[in-house]
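The same subunit A turns up in both complexes below, where it pairs with subunit B and then with subunit C.
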Partner chain A sequence: MLESLQYIYAPQIINGLSIGVAVILMALGLTIIFGLLDVINMSHGEFYAAGAFLGVSLMGLGISFWWTLIIVPLLLVPFGYLMQELLIKKVFHHKDRHILTLLLTFGVATILEDLYKVIWGANTAKPATPITGASEVLGVMFPNYRLFLMMFGALLIFAVWLLIYKTSIGSIVRAATLDRNMSASLGIPVNRVYALTFAFGVALAALSGVLLAPIYSVFPTMGKDFILMAFAVVIVGGLGSIKGAVIAGLLLTQLQSLSSLFISPVWSDPIVFAVMVLVLMFKPSGLYAGMKNG
Partner chain B sequence: MQMKKIVLAISSVLLGSSIAIAADGPIKIGVVTPLSGTYTPIGQQVKMGLELATKEVNASGGIMGRKVELIFEDEEANPAVATQKAEKLFQVSNVDFLTGTVNSGSTLAVGQLAERNNKLIATTVSFADSITSDKCSPNVFRVNARAGMQSAALATWLAKEKPNANVFYIGPDYEMGRSTVSAFKKAAEEKGAKSVGEIFAPLDNKDYSPYFGQVRAAKPNVIYTSVAGNDTVRLLTQMSEYGVNKGVTLVGAAGTVTSQNIAATGSAAEGYVTGVGYSAKADTPANKKFLAAFQAEFKTQPDLYGTDSYGLIYFYKAAVEKAKSTDTDKVRAAMKDLEWSTPQGMKKMRGGDHQAMQEMYAVKIEGGQFNVIGRVPAEQAIGPDTCTRF
Partner chain C sequence: MDKYQYQAVRIMEYVMLVAAIILIIFGKITGDTFFLRLATEALIFGGLALSVDLLLGIVGLLSLGQALYFGFGAYLSALILRDWVPSFWLCILLVAISSAILGWVTSYIALRSKGVYFALISFGLAQVFAKSIYNTRALGASDGMVGVPIVQIPLPFLTLNLGDAITFFVVTFILMSCIYFALKYFLYTPLGRIWGGVRSNESRLPYLGYNTQTPKRIAFILAAIVAGVSGALYPMLRGFVSPELMYFSVSGNAVITVVLGGVGTLIGSLFGSSLLMILKSIIGTLTFHHHIVIGLLFIVVVIFAPKGIVGILCTKLKERATR
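On to the complex of A and B.
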């Protein structure tokens, strides 16, 4: 019993945790853009891919992995800012905002994916793992880079939560989304806040791309990999809630990880989506709905 | 009277020249191959191989004094598109022979079309065993090695190198993955290997680490895989990340590690062994000559597909010269049991199922290169003739 706990369940749970952190990182930007701007960003996965590709290219120029963690998200900030200002703003006040932004961002995703093929080619690339080797965790060998990813990811998620809920910048952003007109009349540049928030979400996606590239490798359609799972996490956790995204992310990835011990791996995705359907049926707002719940 | 003579002279000249054109006109070979989409790299190799051989044949006087002309159409690796394009080549361009199909479904579909048009086709790429077994066609030939020959070659090598193999199988969960695993499992078990477990992961799986517990628990000393494309990069790099491949011999399907993903897989692919019908490292005069010509022409290395496509032109040339005609029935008869020379050495077209017989190689990735580490004679690799249609 103890042996199976140590050799079968423990590695599975730790593995699930490392995948969980990856999924939460993806869901984080998505839930911020959805929760604050009420925009369904279908191109989130492609910004994740953009981060990964730029990271690989910069490392090819001799820049170290650690610098790319800072440079790549910054490079994408203007892109996200302009996307909100030039494209999304055009349909933002339309009564069919959800449908229109969904279609618009889906179109951007398609264009970006093809653009990556043109620029970087269809072949797979894989950056060298920045931290090699493995350590023993609870009697199981676990790659060092994944340990780093879990710790760094947890810190990052906590920092984003702090930024939005515990700083004056965060309260300005939340005010602008709660009551646009009141905020504007108090002198908050609402449009710029929206564009910067979108850019922040894009930068988070790009950062996840740089972080996850050494594990999942880099190719033009990689944006599709996490996006469905990340959407499921956002829906189960509650749109716009960071706490919800963390809890739902851990829950769903553990479910996937542990269930793959007993049933064919092909069923791990259907299980996740079944949970999503159940949540939509019985608690449509998700576990922790809205920005106000953290 | 004078006028009549002139008309007669003119018409006889015209008629004569048109007859001359018919006799000396080029032999047209239609090529339906993917020039866009996922399989573009394969289509490019097919194109290069065919073009190089055609250039050589034309430079040395063509086939029975007639030049060879290639007419390309993009099949997009889609059987529905392939049949449309093949129909066009048969009906409009009136090609004498057709080749190039990559997707096994395209080859089967175009084969049926060839029967209706009474023309012959050959594939130089498709692996599916069925093309020259239960779905064989009198109008379809295959010059490349089929999947069964690849796994037979690998199993033979494994039985010799690892007599007490405990094999764990990891395949993608769809038709190709399941059939490659079951084919190799059968071949390996016949030669004494023991199967200790198997996992079928979804296609485009992100993370294989949740399955490594099961792999470790089964304590294999050989891991066989038939994943492909990006899945290969992830599976192999994650296995080395977790050290699952330590002390394990890694073997797999020929399509698992390719020029497309070997760079990204990097050192995680070291030591991978597979069974194939061609290696650029094969140390024979025929191969060296071919390699030099190919690199001079295209500034890149030929792979399996380019080489087999190159060999196809010589196969067709040998058949037409033996038949002394491009007539379908005569050429078909000439192709039966025909032996011809290719960069891989002599190949023989088995008359019973239209499957080419050839020596197979076991190759191992060492320093990012496929090195030949074993050879399996054609007779041991080919397997029984199970075609019953002709």
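On to the complex of A and C.
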């Protein structure tokens, strides 16, 4: 009993955790963009792919992995800023905003995915793991990079939470969400806050792309495969909630990795989405909806 | 629907009819089947777009998973035709009935939510179905099913052979016209008026004594039937089905088609689908990376003409009338 716990469940749980942290990072960007701008960003997965591709290219130029962790998200900030300013702002006050922004970002996703094929080709790349070796946790060996990913990701998630709920920047962002006109009359440059928030979400997606590139491979459609999981996490957690994204992210990835012990892993995706549908049936706005309560 | 939109829709109906006749004559003279088969496929996906427009434009529900019913219809049709009996009428009838049942069952899940959440739940439902089909060996798993036979349609005086491109095109055109006019008829019934009410202000309707859940459910089931029947034609045309038919790209494309044609106009769906198919094949011959151009087109349409082609036509008519 104890042995099966140690050798069968523990590795699955820890593997699930490392995937979970990565998914939560993706979901954070999505949920912040939705919570603040009320925009469902369909191109989020493509920004994640952009991060991975840029990371691989920069490392090919001889820049170390640790620098790409900083450079790549910064490279995508202006892109996110311009996307909000030039595209999304145009349909922001339309009454069908949800549909139109969804289509806009879907269009951007279509372009980007094809662009990656033009620039980087359709082949799969896999960067070298920046941290090699393995360590023993609970008597089982784990790759060091996965352990690093978990710690770093957890720190990052905590930092984002601190930024939004405990700093003055965060309160400006939340104020702009809550009441746009009131914030504007108090002197908050609402449009710039919106654009910077969008850019911040994009940068988060790019960062998770860089972080995950050494574990998964890098290919043009990689965003599509991963975004569905991130969407499920955001939906179950409640659109706009950081706490919800963390809880749902851990829950769904554990469900995914533990269920693969009992049934064929190909069924884990349908199970995750079935849980998502079930949650929506009984709590139609997810576990914690909105940016208000953390 | 104001006077100009009424005119715009009427013009586009004629344009569709004339285009179809020209295409048939062209096919008859040159014996070329490529464009006819392309047009047939455009109409089939136009049927899917019609069902999206019924939900989005008429009732105000954005469905991101309409490919679920389309794929369901396609798989069921392939199964009936290949493994049981290659009968057109029986196949369409059975698909329509089963799609209605599927729509009725799933409506109890999807219609619990509204707005963005409806969009997401419909997306999730389609995802569960698509992945399950993808994993089911009996349904061909990731390969799908091939070898759907060519169907004959027995009529009182003659038998139509769907292997012939012109015949298939005419049959599809007539079927889609029937669906189009039936849906248009519904708009002018009391039920259609309630749909319009649900779209403009759902929370007010109960105060006026109307139940909104039943009309929404009827629309949802109708949309499922339309999508399912359109899907049923797909394996007859292409001879195979694959799980890609249920994927998000198909649902997403249908929504884009509707927006391109004009939300809430119904004819816009069929028109938009044909236009998209033409664009895709033209750009596809010029460059291998046609998605970049298509993506740019969507962005331009959404920003500059969010009412689609019907909207553009409307403003043109209005300008001409007031000049």
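In this section, the second predicted complex is superposed on the first by the 294 of 294 C-alpha atoms of A that agree within 3 Å, B and C clash if a C-alpha of one lies under 4 Å from a C-alpha of the other, contacts with A are read in each partner's own complex, and residues count from 1 in each chain.
Definition applied: contacts are C-beta pairs under 8 Å (C-beta built on N, C-alpha and C of every residue); 3 or more make two chains touch, one makes a residue touch a chain.
Quick caveat: nothing in here was measured; it's all calculated off a predicted structure.
Q: Clash or fit: what happens to subunit B and subunit C when subunit A is overlaid?
A: fit
Q: Would you sort A:Val277 into first (subunit B), second (subunit C), both or neither based on which partner it touches?
A: In the superposition, A:Val277 contacts subunit C only.
Q: In the superposed arrangement, does A:Ile99 touch subunit B (first), subunit C (second), both or neither?
A: It touches subunit C, and subunit B stays clear.
Q: Give one of first, second, both or neither to describe whether A:Met141 is in contact with subunit B, with subunit C, with both, or with none.
A: A:Met141 sits against subunit B, while subunit C stays out of touch.
Q: Touch check for A:Ile215: first (subunit B), second (subunit C), both, or neither?
A: First partner only, subunit B.
Q: Draw lines from the C-alpha centre of subunit A to the C-alpha centres of subunit B and subunit C: what angle do they form, to the nearest 10°?
A: Once the two structures are overlaid, it is 60 degrees.
Q: Where does A:Asp269 make contact in the superposed view: on subunit B (first), on subunit C (second), on both, or on neither?
A: In the superposition, A:Asp269 touches subunit B and subunit C alike.
Q: Touching A:Lys90, do we find subunit B (first), subunit C (second), both, or neither?
A: Once the two structures are laid over each other on A, A:Lys90 reaches subunit C alone.
Q: State whether A:Thr110 touches subunit B only (first), subunit C only (second), both chains, or neither.
A: second
Q: Go through the superposed model and pick first if A:Gln256 touches only subunit B, second if only subunit C, both, or neither.
A: A:Gln256: touches subunit B, not subunit C.
Q: Should A:Leu82 be classified as contacting the first partner (subunit B), the second (subunit C), both, or neither?
A: Neither partner.
Q: Tell me, in angstrom, the smallest C-alpha to C-alpha distance between subunit B and subunit C in the overlaid model?
A: Result, nearest C-alpha distance in the overlay: 5 Å.
Q: Just to be sure I follow: which residues of subunit A are touched by subunit B in one complex and then by subunit C in the other one?
A: 264, 266, 269
Q: Using the touch definition from the top, list the residues of subunit A that touch subunit B in their complex.
A: It is residues 7-8, 11-12, 15-16, 18-19, 122-126, 128-129, 134, 141-143, 145-146, 215-219, 222, 225-226, 256-257, 260-261, 264-266, 268-269 of subunit A that touch subunit B.
Q: Could you pull out which subunit B residues touch subunit A in their complex?
A: 38, 40-41, 173, 199-202, 204-207, 209-214, 216-217, 229-230, 233-234, 237-238, 241-243, 260-261, 263-266
Q: Over in the complex, which subunit C residues touch subunit A? Could you list them?
A: For subunit C paired with subunit A, touching residues are 56, 62, 109, 112-117, 119-121, 123-125, 127-128, 131-132, 134-135, 248, 252, 255-256, 259, 263, 289-292, 294-299, 302-303, 306.
Q: In the complex, go through subunit A and note every residue touching subunit C.
A: 40, 42, 87, 90-91, 94, 96, 98-100, 102-104, 106-111, 113-115, 117-118, 228, 231-232, 235, 239, 264, 266-267, 269-270, 273-274, 276-277, 280-281, 284-285
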